[in-house]
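Here is the structure we will look at.
Chain lettering (A, B, C and D) follows the sequence in which the chains are written, and residue indices restart at 1 in each chain.
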Amino acid sequence: MEKIRIKGIIPPMITPLESMNRLDVEGLERLIEHILDGGVHGLFILGTTGEAQSLSYDLRYELIERVCDQVAGRVPVLVGITDTSLYESVQMADRAYKCGASAVVSAPPYYYAPAQQELIDFYLGLADMLPLPLFLYNMPSHVKVVFEPDTVKAIAQHPNVIGLKDSSANLVYFHSLIQAMKSHPGFSLLMGPEELTAESVLMGGDGGVNGGANMFPKLYVDMYNAAVAQDIDEVRSLQDRIMAISNSVYKVGRYGSSYLKGVKCTCSLLGICNDFMALPFQKFNAPERAKLKNILEGLGVDVVNP
Amino acid sequence: MEKIRIKGIIPPMITPLESMNRLDVEGLERLIEHILDGGVHGLFILGTTGEAQSLSYDLRYELIERVCDQVAGRVPVLVGITDTSLYESVQMADRAYKCGASAVVSAPPYYYAPAQQELIDFYLGLADMLPLPLFLYNMPSHVKVVFEPDTVKAIAQHPNVIGLKDSSANLVYFHSLIQAMKSHPGFSLLMGPEELTAESVLMGGDGGVNGGANMFPKLYVDMYNAAVAQDIDEVRSLQDRIMAISNSVYKVGRYGSSYLKGVKCTCSLLGICNDFMALPFQKFNAPERAKLKNILEGLGVDVVNP
Amino acid sequence: MEKIRIKGIIPPMITPLESMNRLDVEGLERLIEHILDGGVHGLFILGTTGEAQSLSYDLRYELIERVCDQVAGRVPVLVGITDTSLYESVQMADRAYKCGASAVVSAPPYYYAPAQQELIDFYLGLADMLPLPLFLYNMPSHVKVVFEPDTVKAIAQHPNVIGLKDSSANLVYFHSLIQAMKSHPGFSLLMGPEELTAESVLMGGDGGVNGGANMFPKLYVDMYNAAVAQDIDEVRSLQDRIMAISNSVYKVGRYGSSYLKGVKCTCSLLGICNDFMALPFQKFNAPERAKLKNILEGLGVDVVNP
Amino acid sequence: MEKIRIKGIIPPMITPLESMNRLDVEGLERLIEHILDGGVHGLFILGTTGEAQSLSYDLRYELIERVCDQVAGRVPVLVGITDTSLYESVQMADRAYKCGASAVVSAPPYYYAPAQQELIDFYLGLADMLPLPLFLYNMPSHVKVVFEPDTVKAIAQHPNVIGLKDSSANLVYFHSLIQAMKSHPGFSLLMGPEELTAESVLMGGDGGVNGGANMFPKLYVDMYNAAVAQDIDEVRSLQDRIMAISNSVYKVGRYGSSYLKGVKCTCSLLGICNDFMALPFQKFNAPERAKLKNILEGLGVDVVNP
């Protein structure tokens, strides 16, 4: 298996839907082009932002195929295969491989809470069966367990394991990973929360998997470039904008799903795609959509589909 | 849809496996007979104790069919359809219906953490599409959210919703449910943790979904009957035995998976079925198995397959 | 030191205040008589319900003296000495001893979160220096750690340690304590949450430290007696009333402090004492007080001080 | 009250003890000089690292006096007044004022868990009664609540409130504070965890309250200066050293108290002061001390008191 090094901004793509079990195909095409136009370095589908766990398997399979076809090698496509069943994870990875994806991404099984040794057992078993390189996905708020640095080191002994995306928002942990992985120089460490991408890159990280890049891909690419260039003034200025989005667009709804709904509804307001959501979530109602429209206009964003 | 009232001991059956994706078919047959011989009032498959989330869908489908065929109406069969995707839940329920199951059981989607209103939306949507009566399954340690009593009342307005299994181990909550559901006299409230079944029945609950009944079904049936008869001396005496099992058989391993491994390995030591486990778990190693054997002998249990 | 056995209902008394640092002395006298008139088996001051941690040390000292003087041996007085400083705990216990209290009560130090061995070290050190018998107080929601059953056994080796009050609301844990302490027959196990006192006594517990007994002492005494008599019908009937209070009186406010404010405001509405609270809490405002008055009248309680 | 602006490295000083209730006076003097020699910008006593909550009040009073006397205005002294009782907090602040301290520091009351409005009530009440400027101290792991950014803004309306120390290790939160406090230009935002000081300063923070500066004050001062100078290469190089300490010196013990014990034992190994700890903690035993000695030597540190 060829080793690839993933760096830069790899947006975790939302999944445009028309209904519970049907893709918004035209919206999906527009969304992919919108994101790629921003200069991103890769595309990650079927992650948390992609509502993967809420979708049927058939729809996930269809999405992999359509995305790989349209991206057509312009950037690497990473496919989320996170599942509670190792067997279903492998099935999904096989499909991703056949469609031409570059790597797969897996957060720990998320019903039971495995111990660290059980994580090692699971991932060494999984990596053996995968046809593509594997990114680990640290997501303790959703899966209840953390990949401890020693666990990452143990799993990274396997040649198929090429990096880790950290969505813990815990930078002490991220620093420990940077230290632990100095002995694996090709291993990519990517930051999930966009509010922390700049400093993680300044301190030695490799990039960001930032949901805001569905809406404003160039902003996060600019931030990444400023951090790589160590241009602190530019970093702080872009960070102000990123925090302004984070503290408004993601705070419209009443529930923990506000972030997801905010991203999806913004893409709808920008005229890119449908904002239908798979249960247990539902798209913003009219007052929430109107509130978000006002927020976007306050941020100087053109709303074409109010 | 015919209303059924579920009462008594309904064991959450382990899933006997030969390998990652193959049932231990003979062990499964012996296990079903072993449990039914104990006088239980129903059988619940594909729950937490059944490792449902770790199994492939095809294997889950096969299990439903085999169990329904063998039980053949002797007791009601309840089928876990807990899934993060509503669509896949409905597919599973359709299979359960075709196989002759009596009801389905669903814990909340367990990747995202829905808010209470989102739970209501999800379950009213699900109940509408189900061909069988629905039991709610409160399991906050695994799914991160609780069914608040008002949420249960809202969902129970739907005629397909017939009860709730509570595995929170929070009896203040259980008492609140008893109070809240007094206006729904046919609604069943079952206790998950076997350590609490006796008192929940004394205080007005309807029974227990107790994992220990895989190993010793009669013990939990006796406890249920003593509680129904309000025979407190007998209840306390049986509770001592139940606690002795809980504090030994379930404490052999080092991880949170000790309970599951303890039940499955005991069934193997009793000569009933294989103790293979689906990843991320692995069956007890030889020293752990030997330790468990000693514990069982100390409890006066015949170990036929050391 | 004489061994005493604490059983029955021992209300955790609220602390009537006129202002931040002044007792409502007349209210305190009325409150003590009101509680003792209900037939309680002891009185516990300076616990969680007593706002101990929010009070100055001088005021706590004054309270100990006044309560011991007025109770004058009619029932045992237990004094909370919970503190983060072992030294200050001992000072408080010395005062309690001089005033004639029967025992002291201590939850773990609550700023740092000690490990189990550190709990053992702390409590063996403390017990050595105490002039009175010691009750342990398990209160994980407030102190962040649990007394594990093996820890309780280790600490209970010390002859000064006579019991444990459990406010975890975790009955699996309580059952484990009952089992663990069978080898210490004089050790008292008391239940904190009043919603669980009945079943804990049915299953072998020794009584309840129930906040509702500030308002309605006889109700909780009746419940205790019904449980001791194993009169399940009476238990269930009284439990309905106790749950009705729990689900209304304690749910008026918007914050976690609702329970405390509900008890204190009810005592004010009953004409017993002032409902002033020490910061960080504040007494109910007028609309909340009016709402509580309506709730009490709905429960058939005479409100004499609306 | 004069407004002061606190910036730079302000070490949270350990409290040298000879026994439970006696200061190691000579060790204290050496420790203060050791820290000041490192070029720090202030000194913070009676914080979490200072074991404040485990000490008697009399000992805390003595410490305030001794430290203020010896520092004698060379740098600002900040005094922790964190307490569950507002009244005792004010008493402590009065003593700090009389001794010549520059400011006081307060984490939320830590037994009850106040709601945000209750935090506002508490702190506005406290700030009114204080003779010195107040730093807020965000420490959710120990006090169970977070100062939400809107809460900080509300409290910062009070002219006595001059800054916040954040020990949450949550940089998304810290960024939200930076944004929220842009309208209060004089407000200091300091980082607790030393692993995050560099990047917080790069992104606009004002400095660090870093426990490692008890042992190696110059290292953290150098890091602060490199971050202020935006010298990223130097920052990364110093960060490697800071992480090496964090991942070794603080990981010797088995419990959550490892960090505290590691700092204190290192100061003993450096010949600075006694490593006696107040219960519930105990100093490292001989094997742990030997292990720490080896770690320090591996880091190139001279151990003079093995």
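One rule holds in what follows: contacts are C-beta pairs under 8 Å (C-beta built on N, C-alpha and C of every residue); 3 or more make two chains touch, one makes a residue touch a chain.
Note that this is a predicted model, so its numbers are computed, not measured.
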Proportion of interface numbers common to chain B and chain C (over half same, under half different): same
Greatest separation from chain D - chain, by CA centre: B
Centre-to-centre distance between chain C and chain B (centres being mean Cα positions), rounded to whole Å: 36
Centre-of-Cα separation between chain D and chain B, whole angstrom: 49
Multi-partner residues of chain A (at least 2 other chains): none
Touch-based graph of the chains, sorted into line, ring, star, complete or other: ring
Which pairs of chains touch, using the document's own definition: A-B, A-D, B-C, C-D
Residues of chain A that touch chain D when the two form their complex: 169-172, 175-176, 178-179, 193, 195-196, 198-199, 202-204, 230, 232, 235-236, 239-240, 243-244, 246-247
Complex contact set, residues of chain C against chain D: 20-21, 48, 53-57, 59, 84-88, 91, 108-115, 117-119, 121-122, 125-126, 142-144, 254-257, 278-282
